[in-house]
Structures are given as structure tokens and as C-alpha cells.
């Protein structure tokens, strides 16, 4: 399998890039799971936003009452949006960081802390845990991305 | 032109990567079009959110009445957000997948099904089509991204 | 440092890619700053959305009054979402564009105009400036991404 991969590209043979690929896949899958969490709450709480989604509950007024907001649905949606706001910069800056030639151990430290912080953040948001649990896990992930951006700009700077 | 490209990078000469580049450009352009759809509905329905956007309709109370929500505008915005939630993972995981050495035919199958599913999803959302049309197209795109993530993790796994 | 980077990857030695890395890091950091702007307005305007975030202001009814929306908070959030909608396509299409072998001067022109337009857009949204300031800066960034997508599709087209 190695030979076959080398034919198509050498990037995946680079250990830092493989680490990046692993943790990026994990955090993006974690972000995708938020869709299922939101769908779960929409169905169990019967709280929908599109009229066509409530058609199976009956017609007219009897279905209209399910077009409403629910605190659990809204909480899951906020968690999802927070993921987008924080995981998108990680994926973009992390790719550039992985290509900027960091030490494998340093790169793994960045990727692992970010991934752990975002998984903790999701639990802190959904349970919810008392503050500053969610706030701190957000700040840890934010700082990791900032640290990678610093390395990228130091290495690549070309204005 | 080929020689010039080879100088700058070999990635674009890889057929799987070229397929990735093509379909990623298409789905990102499709996502960008949602901004124009939202703008179209805001202008035709006269439904704005920023006071400075209604200044051309007059001053004071006469302009304030256009600061309102409209079902078509909100529907376009939900379609746009759903694109962000699903196309971002496709772009990130798809890049890693394209670099993990898949067969060209398998890769094309993934990219084409995802692109078709998301285009159908947009029509299903905006028309709107009765369920489960939109739900199924969402699930197809979601599954394609999941399948690519599985291949990435199997190839690159480095925790 | 050069030799060490060359070991890990040659991409970062490509001048167009270094320009891409620089401007992508800058616009992603700018987008991340929107989180701090929103947090600043939430704290100074005392306008929160999660009950656990207001616990430090007291218990019961006295804390509940801070669970409210505020125009400045909502404005910052809209600016953040607009960044996601526009910077995500730039990062994705820009990467493919950088790998498609453009002239360095042409690439720098694209990256610089986009970055300038998005920074102006943020100020236009937050101050706010009268229209069409915000609208034009949005359209400039949008057009730059469109122009890069055209080059990508012309170079990589493989359906």
C-alpha cells in the first residue's frame, strides 16, 4: 500500500501530515455529529422550522404547533455554529502549519490539545457544565490555533 | 502550460487531485450562490436586518418597516448554513482523501454523488420539495463524507 | 531552516503557496477575532444566551434578565457569519488556485484585494458605515474568489 500511495503523492508519507490528517478527520467528524444531535432533539422535542418537515404529523393547525423553537435544539445549534467558527480556522491554519515543517512532537501536542479541548467543549455545551468549563475549553482550542498561525506566519511570511 | 504547472507543484498533475479540485470548486461556488439567493429575497421581499441597508427607502419610521424577517429569506439562510455545515467537512476531508491514494474511479464516484446530492438538496430546500426529498439528499452527502473520512483514517491513522 | 523545511515538504518553498499561506492565516485570524468582538459586546452589554453564562450575576430572576439579545451583539454575530460564508470559499478555492500554477504577481493581487476587502467589510459592518460601503467590499471579495475559481476550473477541469 505504501508504494501505491507514494505514486499518487508524497504528502501522506510525511508523519506530521499524517497526524494532521488524523486529527482533522476526527474534529470534522465530531462537528458533523452535531447535525445528528440537532436532528435527535428536533424529533424527540417535536420542534421544527420547515413546514414540510411537520407534514407527517397531520395537516393544517395540528402540524403547525410543531413549528417552534426548543431550548435543547437551540443549544445543539449553538454548539454546531461554535464548532464551525473554531474548527474551520483549525483545519485551514493546521494544514499550513503541517506544511511549515514543525517537529512531529510539537505538532502532535497542538493537534491533540485542540481535539481534546473541542470534544470537552461539546460536552460542556450539551450537558451543560457550569462555567468556566465551556469558556476555558474554548480558549484552549483558540490559543492552539493562534500558536499554529504564529508558526505559519513566521515561516511563510510573504506580503 | 503543463510544464509551467509542473514547476510550481506536482499535485495538480495527479488525476484524483484534479477531480477533487473540480468538484470542490463547484460545490463552493454553489454555496456562494446562496448569498445571491438571500440577497435576491431580501430585495424583492423588502426584508432587511441592518438599519443602514434600508436608508435608501426613506428616513425614520418609513424605513423601519423593512427591518423584518421574511419566510423566503430565512429559508435561503437555512439552506446556506446547511451548506456550510456539510460542504466544509467535504472540502477538508475530501482533500485528505484525495491525498490518501484512492482509485480515480472510486474518488470520482464519491465526488460526483456528493456534488449531485448537495445540488439536489438546494432545490429541495428552496422550492421546497416534500420530505423526505431534502432529508435523503442530506443523508447521501453526509454518508459520502463519512466514507471518505473512513478511508483517510485507515490510511493516515497516527494518534 | 530552509533545508529542514525542504525535508518535510516542498510546497512551502513555492512562492505562490507562501503568499497563500500568509494571507489565509491573516483572514482566518481576522475571522477568529470576531469571537472576541462578540464576547466583548456580550460582557459589556450584559446580553447572554446560555443560562449557565449568567450564573455569576446572581441566582434566579436577577440573572434571567441578562438572557436577552442586544443589537451590537447581533451585529458582531452577523459579521462573523458573513466571514464564514465568504472566507471558507476563499480558503478552499484559494488553495486549489495556488496549486494551479498562477503567476506570483497575479496571485498576490488576488490575495491582497480579498484580504483588504474583508478587513474593510468588518469595519463597515461594526461601525457601521453607510451603504454601499459594506455591500461593495463584500462584492469585491466575492469577485476575487470567483476569479480564482475560474482559473481552478480552467486548469483542473476533470468531471
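Labels for the chains are A, B and C, by order of writing; each one numbers its residues from 1.
Just so we're on the same page, a contact is a pair of C-beta atoms (placed from the backbone, for glycine too) under 8 Å apart; a residue touches a chain by one contact, two chains touch by 3 or more.
Quantities reported herein were computed from a predicted structural model and do not represent experimental measurements.
Interface note: subunit B and subunit C, two copies of one sequence, contact each other through mostly non-matching residue numbers (shared numbers fall below half of all numbers used). In the Cα superposition of subunit A onto subunit B, the rotation angle, rounded to steps of 5, is 120 degrees. Averaged Cα coordinates give subunit B a centre that lies 17 Å from the centre of subunit C. For subunit C, the set of residues that touch two or more other chains comprises 11, 17, 84, 88, 95.
Residues 11, 14, 16-17, 75, 78, 81, 84-86, 88-89, 92-93, 95-96, 99-101, 128-131, 134, 142, 145-146, 149, 152-153, 155-159 of subunit A touch subunit C in their complex. Of all the residues in subunit B, the ones that touch subunit C in their complex are 1, 4-5, 7-9, 11-12, 15, 17-19, 21-22, 24-26, 28-29, 31-32, 34-35, 49-50, 52-53, 55-56, 80, 84, 88, 91, 95.
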